[in-house]
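In what comes next, chain A is part of two complexes: it sits with chain B in the first one and with chain C in the second one.
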Partner chain A sequence: MPATDHILDQILDLAATHFKVPREKLCADDDFFKTLGIDSLQALDLLTRLEHHFRIELPDYELQGVSDFRTLANRIQARL
Partner chain B sequence: MLDLRQYASLGAALKDALERWPNETCLIEADRDREKVRLTYSDFKEMAHPLCRALEDADFKTGDRAAIIMTNQSKWLISAYSILFCGGVLVPLDYKLTAAEHLQLLAHSKSRFLVVEYYLWRAITQSSGFAKLKVEIVLVTEAPAGEELHGAYRWEEFKRKGDPQFVARQREDTACIVYSSGTGGRPKGCVLTHDSYLEQCASLTAWYPFWPGVRYLSILPTNHAIDFMVGFIGPFVCGACVVHLRTLRPEFVRDAFVRYRITYVSLVPMVLKNLERGLRAKFDELKPRERWMLDRLIGLNKMLTRGRPRVELSRRLLPQVHKAFGGELRALIVGGAFTDPSTLQFFYDLGIPVTCGYGLTEACTAVTLNDLKPFRADTVGKPLPGTEVRVLNPDGDGIGEVAVRSRAVMSHYLDDPEQTAQTIVEGWLLTGDLGRFDADGRGHLQLFGRKKNMIVTEGGKNIYPEDIEAVFDGLPVKEYCVFAANYLWPQKTLGNEMLMLVVRLEQNQQFDERLREEIVARNRRLPDFKRVGGYLVWEKDFPRTASLKIKRGELAEEIGVGAARAGVVGI
Partner chain C sequence: MNDFKGQTLSWQIVNGVTELALHHDPCNEIGSLTLEELEKFAAALPGLANEAHALIVHSTLKAGFSAGADLRELFQRGQEMEKDAAQRGVREFLKRIHSVMNALDAAPLTTIAAVHGVTFGGGFELALVCDIIIADRMARFCFPELRLGLIPGFGGIPRLKRDLGNAVVRDLLLTGRSFNVMKAQQIGLVSQIAAEGEALRVARATASQVGKFDRRTAATAKAFVKPIPYEELSREIDIFCDLYSRPGVEEGLRKFVENEGVQPYLP
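And then the complex of A and B:
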């Protein structure tokens, strides 16, 4: 199973590219709503991209209560 | 549609609907691009009645309270129907609350029964308050095989053969208890009667009718006042169809419009803005000549629909845009929070009738709604049939507190006569919202902010300071308080809403980086939509009562005069 740090890096890369935010400005424990400047619907968009990237299906509820990249990485790892 | 005047209860009306249109499709449930469920009214009855029988066998009594905590899906409506059929009181809870909040509201409502989706039940059973749960029967949906259910039944197996006995109710009996706010401080359980719902339904469908073949796209949570009415009761008593999506992913929502040829959809402003964003991005990708042509056609459509929507004409002028919405959309209904008029205008100019309304849970669903005669982007519409609206104590600009009187208004707040007495005065519901009727005399209401110390998020959620103050318990300061910024510095406009933390430091204490980090860390424990947007350091002790409660009103006045919004430090 891939290490969470590796998953984290991929998430940060994807988020930076998709939302056009400099990669160096993103950190694992950031509130992604704030640093990416997105609302909850746009966060679902990010979830879809992560699904395609990791080839898994993530129900919407996996995002419930999640607002930082690290927790998101843990949720993804649990489904790999 | 059914003539609702002949019915004493929601259950009676819904029961007749199942008999009246047995072969019409009533419910489609899709998960992404996979259709999971498609039911006619007859199918719906066949799924609900075994559940009703099982509830009878489980000693479900008339007036028993039964909570539902689920994302939108067919089982939500089947469960709700069954509870009403058996004479129960429905307690629809927001699935986005935390497990601790669910437990609190289940206790407050004294629900005997609970229907809950597995992942939410799992969170509840893992919560520290689970041991105190007093619900007697729990039905869990979609629980994976082999999972420990902690005494709950599987919803899919909770059925019995035979014909259930319909339990009649009266119009003045309680149909639902709907919580209008979070759980901090005093939970506000609005007690809504069968009369509230039947009257509200008749009013709404008088302006926006449903009929067999109409398809309503349900993406707002069905526990929400808007969707419960417009995405369940309204369609069902008219023989129409509800399409549930198990996801809010924009790409699947867009696909659903086309796949199911949607007629109506209710949205909160956040979702509408997201749709606007997507459309504008598509328009920006057009080649210059195509874009030029599109803009000309939009301009022509705008001119031709100035007086009223002309949907058929708009579909011919802008076929690609309308095809993207399935080609049969008659209206987007927007409410629940402030909507930017430019967003409403954007959709109307494309020939998509968008109607903005105003309501609150305490008034069942809606108080005012635009009737599109003509389209107005700058108001929240006119009072619905049967609804009286007054503006109390208007100031020099004609702005005052909006008060409402109608049969749709709640009976009272559950177990809270004091709060009820402050909110329903001489038969009028005091909304706490500030508004005025527009100057042209056509009876349209405009809103200008809130008298109450609260905000409404773009997603339509009411957030009161009491909902979140607990997260700052133990903050190393002398005292603190949370306010809605607009409550301290009224702006006479909606939008730009924010909660903020006011702190009073100990003597000789400095506001340093460590304290700031502590505030930020605690703030992040809250869901994003509940977080404070900034803080203010206040130099005086907070005024308090003899029992040491903060005198919020007095403090708010002091801060409003002694500080400026520009002094709030963002976090």
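And then the complex of A and C:
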């Protein structure tokens, strides 16, 4: 399994658990703001959890224009 | 006044510790009403310092410690007033908030900020006046003011320079990025990291510890190691007011205030 897919799985698991959305309803190319029903403050919350989970620092400006899980996974991959 | 229940904040003495709780929905934005109540607190501080050995500042709101200045109020006032009057109003506001921040900074008791979630801009500046910052693992810090064409105006730059290396200050200011508690501890900003939701409990344990020592000695040591950069603080007000007068700032504030999207807090 490509590394990014593995990262993607972990992101979707974490997002589903924290925002209490059924895991099966989350897809890689979903707009996570819409699918998770979150705003920017909650997106920062998600970012913090992802940083802790992957033990990385991911500046929030890296999320500019990013709204789908797959691109988010690519950004995280680039920091590992 | 040993206890007070206001609209934006409340305080009381618990086990020899003054606890100042922020509770202004949605995220303790600091506008006129919060400033008035902070001024009440600053006026009560000398009396509280006689009764308590420590101060804990914390938020009871889930969203976080504080999202900073009330930008909606700042924008609205700018729209309602003539330009000169608006600028005088901003300078007056800054002088008043600086007076409060300076009183907290110099308080003759050990001050602890127990932070969680969003700790941005003016909220970050409020945490910075405290002697010790304890953060839960979901705390996130940011000085986003450059995104609006401004600089931090509540005393953040001189205090950040006081506490951190200049390279770190440049990184945070010039990128306007937010950073998590691991980074905050790594750079020396945060003293202790608590589990999610546990910052206040850890702060209380720390306050109990500092209460074991002679208060006059502690106050003397604090005054010795924590100079207050009054000249730079005054200069910060001048720079902020100069930047605020530029046309791009109104537009930046308008974009933030009128943003109906989901991303206003992202850069």
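Quick notes on this one:
We adopt the following convention: the second predicted complex is superposed on the first by the 78 of 80 C-alpha atoms of A that agree within 3 Å, B and C clash if a C-alpha of one lies under 4 Å from a C-alpha of the other, contacts with A are read in each partner's own complex, and residues count from 1 in each chain.
Simple rule for what comes next: a residue touches a chain if its C-beta (ideal position, glycine included) is under 8 Å from a C-beta of that chain, and two chains touch if they have at least 3 such contacts.
Not measured: the values here are computed from a predicted model.
When the two complexes are overlaid on their common chain A, residue A:Ser40 makes contact with chain B and with chain C alike.
By the touch criterion defined above, A:Gln64 lies against chain B and chain C together after alignment on the C-alpha atoms of chain A.
Contact with chain C, but none with chain B, is seen for A:His52 once the two complexes are overlaid on the shared chain. When the two complexes are overlaid on their common chain A, residue A:Asp9 makes contact with neither chain B nor chain C.
On chain A, the surface touched by chain B in one complex and the surface touched by chain C in the other have residues 33, 39-41, 44-45, 47-48, 59-61, 64 in common. Listing the residues of chain A that touch chain C in their complex gives 33, 38-41, 43-45, 47-49, 51-52, 57, 59-61, 63-64.
Residues 71, 96, 98, 119, 246-251, 270-271, 274, 458-459, 524, 527-529 of chain B are the ones that touch chain A when the two sit in their complex.
Those residues of chain C lying in contact with chain A across their complex are 27, 63-64, 67, 117-118, 137-138, 140, 142, 175-180, 182-183, 262-267. Residues 31, 33, 39-42, 44-45, 47-48, 59-61, 64-65, 67-68 of chain A touch chain B in their complex.
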